[in-house]
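Labels for the chains are A, B, C and D, by order of writing; each one numbers its residues from 1.
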Amino acid sequence: MDYANQKLAEEKVFKDPVHRYIHVRDQVIWDLINAREFQRMRRIKQLGTSYLVFHGAEHSRFSHSLGVYEIVRRILDDIFHGRPEWDESERLVVLCAALLHDLGHGPFSHSFEKVFNVDHEDFTREILQGDTEVNSILKKVAPDFPKKVAEVIGKTYANKQVVSLISSQIDADRMDYLQRDAYYTGVSYGHFDMERILRVMRPFEDQVVIKSSGMHAVEDYIMSRYQMYWQVYFHPVARSAEVILRKILQRAKYLSGHGYKFEQPPTHFLAFFDRSFTLKDYLALDEGVLMTYFQLWITERDPILSDLCDRFVNRRLFQYVDFDPGKDYKKLGELAQLFQKAGIDPEYYLIDDSTSDLPYDFYRPGEEEERLPIHLLMPNGDIKELSRLSQIVDGISGKRRTDYKLYFPAELLIDGKKKEIKQQILELLREGGV
Amino acid sequence: MDYANQKLAEEKVFKDPVHRYIHVRDQVIWDLINAREFQRMRRIKQLGTSYLVFHGAEHSRFSHSLGVYEIVRRILDDIFHGRPEWDESERLVVLCAALLHDLGHGPFSHSFEKVFNVDHEDFTREILQGDTEVNSILKKVAPDFPKKVAEVIGKTYANKQVVSLISSQIDADRMDYLQRDAYYTGVSYGHFDMERILRVMRPFEDQVVIKSSGMHAVEDYIMSRYQMYWQVYFHPVARSAEVILRKILQRAKYLSGHGYKFEQPPTHFLAFFDRSFTLKDYLALDEGVLMTYFQLWITERDPILSDLCDRFVNRRLFQYVDFDPGKDYKKLGELAQLFQKAGIDPEYYLIDDSTSDLPYDFYRPGEEEERLPIHLLMPNGDIKELSRLSQIVDGISGKRRTDYKLYFPAELLIDGKKKEIKQQILELLREGGV
Amino acid sequence: MDYANQKLAEEKVFKDPVHRYIHVRDQVIWDLINAREFQRMRRIKQLGTSYLVFHGAEHSRFSHSLGVYEIVRRILDDIFHGRPEWDESERLVVLCAALLHDLGHGPFSHSFEKVFNVDHEDFTREILQGDTEVNSILKKVAPDFPKKVAEVIGKTYANKQVVSLISSQIDADRMDYLQRDAYYTGVSYGHFDMERILRVMRPFEDQVVIKSSGMHAVEDYIMSRYQMYWQVYFHPVARSAEVILRKILQRAKYLSGHGYKFEQPPTHFLAFFDRSFTLKDYLALDEGVLMTYFQLWITERDPILSDLCDRFVNRRLFQYVDFDPGKDYKKLGELAQLFQKAGIDPEYYLIDDSTSDLPYDFYRPGEEEERLPIHLLMPNGDIKELSRLSQIVDGISGKRRTDYKLYFPAELLIDGKKKEIKQQILELLREGGV
Amino acid sequence: MDYANQKLAEEKVFKDPVHRYIHVRDQVIWDLINAREFQRMRRIKQLGTSYLVFHGAEHSRFSHSLGVYEIVRRILDDIFHGRPEWDESERLVVLCAALLHDLGHGPFSHSFEKVFNVDHEDFTREILQGDTEVNSILKKVAPDFPKKVAEVIGKTYANKQVVSLISSQIDADRMDYLQRDAYYTGVSYGHFDMERILRVMRPFEDQVVIKSSGMHAVEDYIMSRYQMYWQVYFHPVARSAEVILRKILQRAKYLSGHGYKFEQPPTHFLAFFDRSFTLKDYLALDEGVLMTYFQLWITERDPILSDLCDRFVNRRLFQYVDFDPGKDYKKLGELAQLFQKAGIDPEYYLIDDSTSDLPYDFYRPGEEEERLPIHLLMPNGDIKELSRLSQIVDGISGKRRTDYKLYFPAELLIDGKKKEIKQQILELLREGGV
């Protein structure tokens, strides 16, 4: 039998706390899971620094990727299978895209990408199409198969049904991570009736729609998403850790570019400092590697690098106050000057950070981020956009919410030195703070 | 107020998936959690290599330690508080012992300890009493307080009630890990009615007993424990990973002792190879550090070290067959000779491993491991040993179960070279195998 | 010791699926639970006819009442205890009010009250203050204690903190029933983090407020409530059963008033038909009694009573279509005439029913139903109304939603007789229908 | 299409708290659920009097029957479908048998059957094969179909695979009720990994076996069963209610046979008193009907009937002591005489009750109750009896456990009259008591 259709002699089953079991029957899927680029995701946490707030959130992108695969598998095998609107020949490409959609994520992606100006989506594409185990498995299916999987993940694939299973406002990716992150953090948000949603998903023309009888389950899902963003993903303490992490990487890069002699040289990072990196360099990184450097750098001579690493490794995080970018920017300038005077480098110790979310939106032409709306399939065959039917969703649709914080090392501002200046700083902070 | 009784201005609360919330009001506890030796436990997995079988089991000893603390806190504050048999002045020492009981665990303890002949209990004692942040916090309570905490953990503390809350056949340690490991692996074993058990625990003379009305909850707990041992902790595939890990460490030590020139020198390990290590050397290790070495060693010239590291990092594990040490030992000798002939070093590639458990036992004088039995408190005030009342427990009491496996690299035995010898090997293995 | 403070020798514990355990230590509470008026609530379903849609929803008002009690007990004992803003002497009156707040509910209250023009709140007051076991227990606390409990339930009690624990937009009553009804129906809505909400409730001046750190848990609670109302409480099929039930009672009353000779006389109902009932008559009723009559009446000669009883007992419910009272009222008149012509009495077989909910509202002076808003306690001590801070709640605040349905016996419209008229009816229905 | 294979236009789905959803596609199943004999099971509690101990246990046999159906449906459609050892033509008969297996249960079966010497299994057969709606539906499948369904339920059906899905030591009936009763009572026992068990069930020769890889899930199931029996089903307080119920029915029968003039005549019972009942008489009974009589009989003149009814309706239960039938029978005689002297009729007020269970057993020829053992299917195709492989099951296999209790009205023994005799009684009771 050809490789694309090859089945395992016996179904393999993974015990999963969120979906109970993850079922694998396709040889291709099994081989991909065993590829080293896929196994590498075990060494990258799904939620980056969130475990420093929610100690249970130590789960990896490996678990999440299996989960997204399983959701898509259930949609295809239990719901779409046999429906004339669904093209059965797309099955394998969706399953592979679901499994591999996060493959390019690196250690603490969010901060890493910002500092080194890289994009995990580029790496995903490169792993799929470059010289990797994953690529050699996909190529065995068909020479253009790696490209097809990359197109699905990159949202340029022709069949939009396929794309929207993986990325849309109600896709398998979100459905897995909301539930999984809720499970591991232990928060009670993040639960919604996924089984109900799956049962009412339908392929319909060039999209995946939801039968209107499932509208309330979708409302619940959107509320879960909203809550998870603000309660977990944007938690200000996890952002404090991200801020420090970013500053560590920035400092190491700066030192390296300014002739500083490291006792523990940043070997794994050099190619990123000068942008000469290859895929191999990227794949050699994971969170254990970064943490190993950070621990060693605690004893570096550079006081800023050393202090920031100590803060990150031993969880001595920055404090924060609310901050209104409209009216407080002038104050930020004053604060920076006062920090300078107090001998605390504001570049590394006074950081403004913002985060923002749009809980749900329908298509608004011309906007920067044109989102595909969630469409409901009415009993009479019509299609209606969700917020037109749901009072709840209408109430939050299109309303962007943004949070601004200013991070700083509170304990440095209350020690004995330069008391007066620090007093001024504290007063300025207090004005804007909670 | 003295430090021992100092309370936080506002209670701190950790979201925990197993106990919902973990509550901290004591300044001492809060300070210990923030100590770097305690934060280090975030970098050590609770279940070592089990995540290679149960992908959800990525939780750390940090989470577990908080859990044990919370269980003990609830016993003391909700159940024991105010009972004349309980000495309220022991509260802080038990809470600290609960929180810190696993502090000396290193990366992949089980294998690490075997190869380097060290014991995590020694390290726990040393962290408590040596030059550490934890020690300086404990000393602030009283000069002999670190020693007292160490005695509770070491089971030599005078008040046996205190000891048995942390280590006995039904202690807070086990109650947390059974539930926590079940939660993270996703298995359905491991659940029992802890709330019920806590409510019927009573301090009684020199022990902690269980009111007989809670007997069935205790039976359930013992069955959970039995199932978790055989379904999760002793899973043969996780043991395969442990076997490989042991052999990596053993090989690195051998190479280092025989003049091999590492491209990536085993800096962090040197003090363990020649047993010159200090506590600082030990605390510098964690699982991220070990994994960093293993990834780098994949490109070492030594084929055995390189291969074993590749196996561990990329999950290419050994296969196994059942093995009867009574009758199969001769066969093991034959197999070793055949491996040698086939050019596969049996020292690293043919490993017998056994594991064993005694689900419950009462006191049997003179036995190597004298266990404290679980005692039930009858309505009339009598004390009865559990297995005398419980038919279920009696059925398994004192029955040791042992499992023997033989691990080997199956795929090396089916490649093209030395076909005949490998054929012989495979036949010998098949005879004993599943 | 005086009765009000008398404690049980040993705490009594009820196993409860929602709150795990319900704890009783007060002798008064224990005695009330054992009173016959309280035990009677075991014979009245919490959700009336909903079990005909959600087969699991067979739980009684007894369970719910224990649940409300337990929530209040936890608020008082774990959260409010010791706070200066809370008057500890109110403890027993709140606990009693929580336990007894639903005491006056009769069988299928909703329909029963409509047909016989009675109000369960009047009966609650009468049970508390009349000649009952409950009253004699309450009087033992203090002569005016029954009246006080009645005032709390009736919302006229002076201490508004006390009132709002039992009835407000976030009270123990709602928190129990949302969770309990979700548990028994099996729907995934209805879950919210009650433990979190309880922990942030604070007595404050003349109300109970929520610390702003708990805002997201409150949002989640309001969304749960919204979903439960529309998914469960207002389910159109359960309303179909209510409609039939109402018509049974109405028909029996009509027949009784028009000299019809029952084979099974409506003994238990007579005092309600002529409004001569006493409390004793009311307490003699429960859902088993009503169902016993309905089963017997299936064989009555009156075809309408017989048919309606058969429908209710054997779940042969009416079908329904959507209905717009604005534009469809004329059509309703036409339909009634056509029903008459077709020989189907529209009084009993063509019923319009509406249901309506306001998910959350703040105080709007002059409106019919002036609701107390949910107030958040800010870190700086200010009080803010929920919808001013919560985008989600603001989106639905004050938006009343109403649903209109028209119920009718679909199968009678497709049988052989008077085909043409029935054809006309079906066409009219289809126009307005789903 | 023929009726046996007729499918609903759209699948019907019931929300179920235990199995999440119950799926119905077969027209036959849908019609059976709507039959009045099936709807009647809504009025009969699954656990009889247990709700008087576990207030949540108010669920009906209706829910349980749907659950058993759903488990069998999943086994057939997801696991057995397509396996050569399974005869696909048996599908409908098993589904019907699963759905209808409890159809003959009456109100409080256990006591009712004892007093009136009837057997619910006879009634099940009669409902299936007599003049009922259920029968007319089954006959539409095939004239001999009702008989076939009856044979499956009666265990005489030729295909033993079919029988053992419904009744064996690991069948769908038990798997549903253990989980369902655990869910509604709220106890933590009763949970096991049913999904795992279903996945490893296999049709094999004339039985259903379990793949040995699922052994631990089966162990867990057997332990759950054991715990549920002793913690829930045999709870001594629920048995106290059963004892009283039995005595009510016995007293009513006695009075009726001895010319007593009832104010509220036992109309519904007369045919059972003189054994002239028909199926129609039986189907007219349910728990609401019985409770209606018991409430009315509280005001009967006969003091025993009146008192017993008051006890049952208002939960004034008998107390109990342990009782050893071997050595305490003489004492029982003495007690009876003393009761007589004290003016308390021992026939109604001094009742010994025993209950007994065999947690698991393999086939032991010649024993009264020859049970079919659970067989495991080994990887090599061999069959092994469970207790030969499972240490845990071996520990309890074949060990019958029996509990004896003596019930009596404690409060009558401490009132003022005949003090001395009552003192003697209390002393005798105390000797044997807990």
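The rule is short, and it goes like this: a residue touches a chain if its C-beta (ideal position, glycine included) is under 8 Å from a C-beta of that chain, and two chains touch if they have at least 3 such contacts.
From a predicted model like this one, the values you see are computed outputs, not experimental measurements.
Trainee: Compute the centre of every chain as the mean of its C-alpha atoms, then state which one is farthest from the centre of subunit A.
Mentor: It is D whose centre lies farthest from that of subunit A.
Trainee: For the chain pairs B-D and B-C, which is connected through the larger number of C-beta pairs in contact?
Mentor: Counting C-beta pairs in contact, B-D comes out ahead.
Trainee: Averaged over CA atoms, how far is the centre of subunit B from the centre of subunit D? Could you give it in whole Å?
Mentor: Centres of subunit B and subunit D (C-alpha means) sit 44 Å apart.
Trainee: Cα centroid separation between subunit B and subunit C, in whole Å?
Mentor: Their C-alpha centroids are separated by 52 Å.
Trainee: Could you put a whole-Å number on the gap between the CA centroids of subunit C and subunit D?
Mentor: Computed value for the inter-centroid distance: 32 Å.
Trainee: Considering subunit D alone, which of its residues make contact with at least two other chains?
Mentor: Those would be 20, 187.
Trainee: Going by the contact rule set out above, which residues of subunit D touch subunit A in the complex?
Mentor: Subunit D residues touching subunit A: 13, 20-21, 195, 199.
Trainee: List the residues on subunit D that touch subunit C in their complex, please.
Mentor: Where subunit D meets subunit C, its residues are 14-18, 20, 34, 36, 39, 42-43, 51, 54-56, 58-60, 62-63, 66, 183-187, 284, 286-289, 291-292, 295, 313-316.
Trainee: Spell out the residues on subunit D that touch subunit B in their complex, using ranges where they run on.
Mentor: Of all residues in subunit D, those touching subunit B are 187-189, 191-193, 196, 216-217, 219-220, 223, 226-227, 230-231, 379, 391-392, 394-396, 399, 401, 434.
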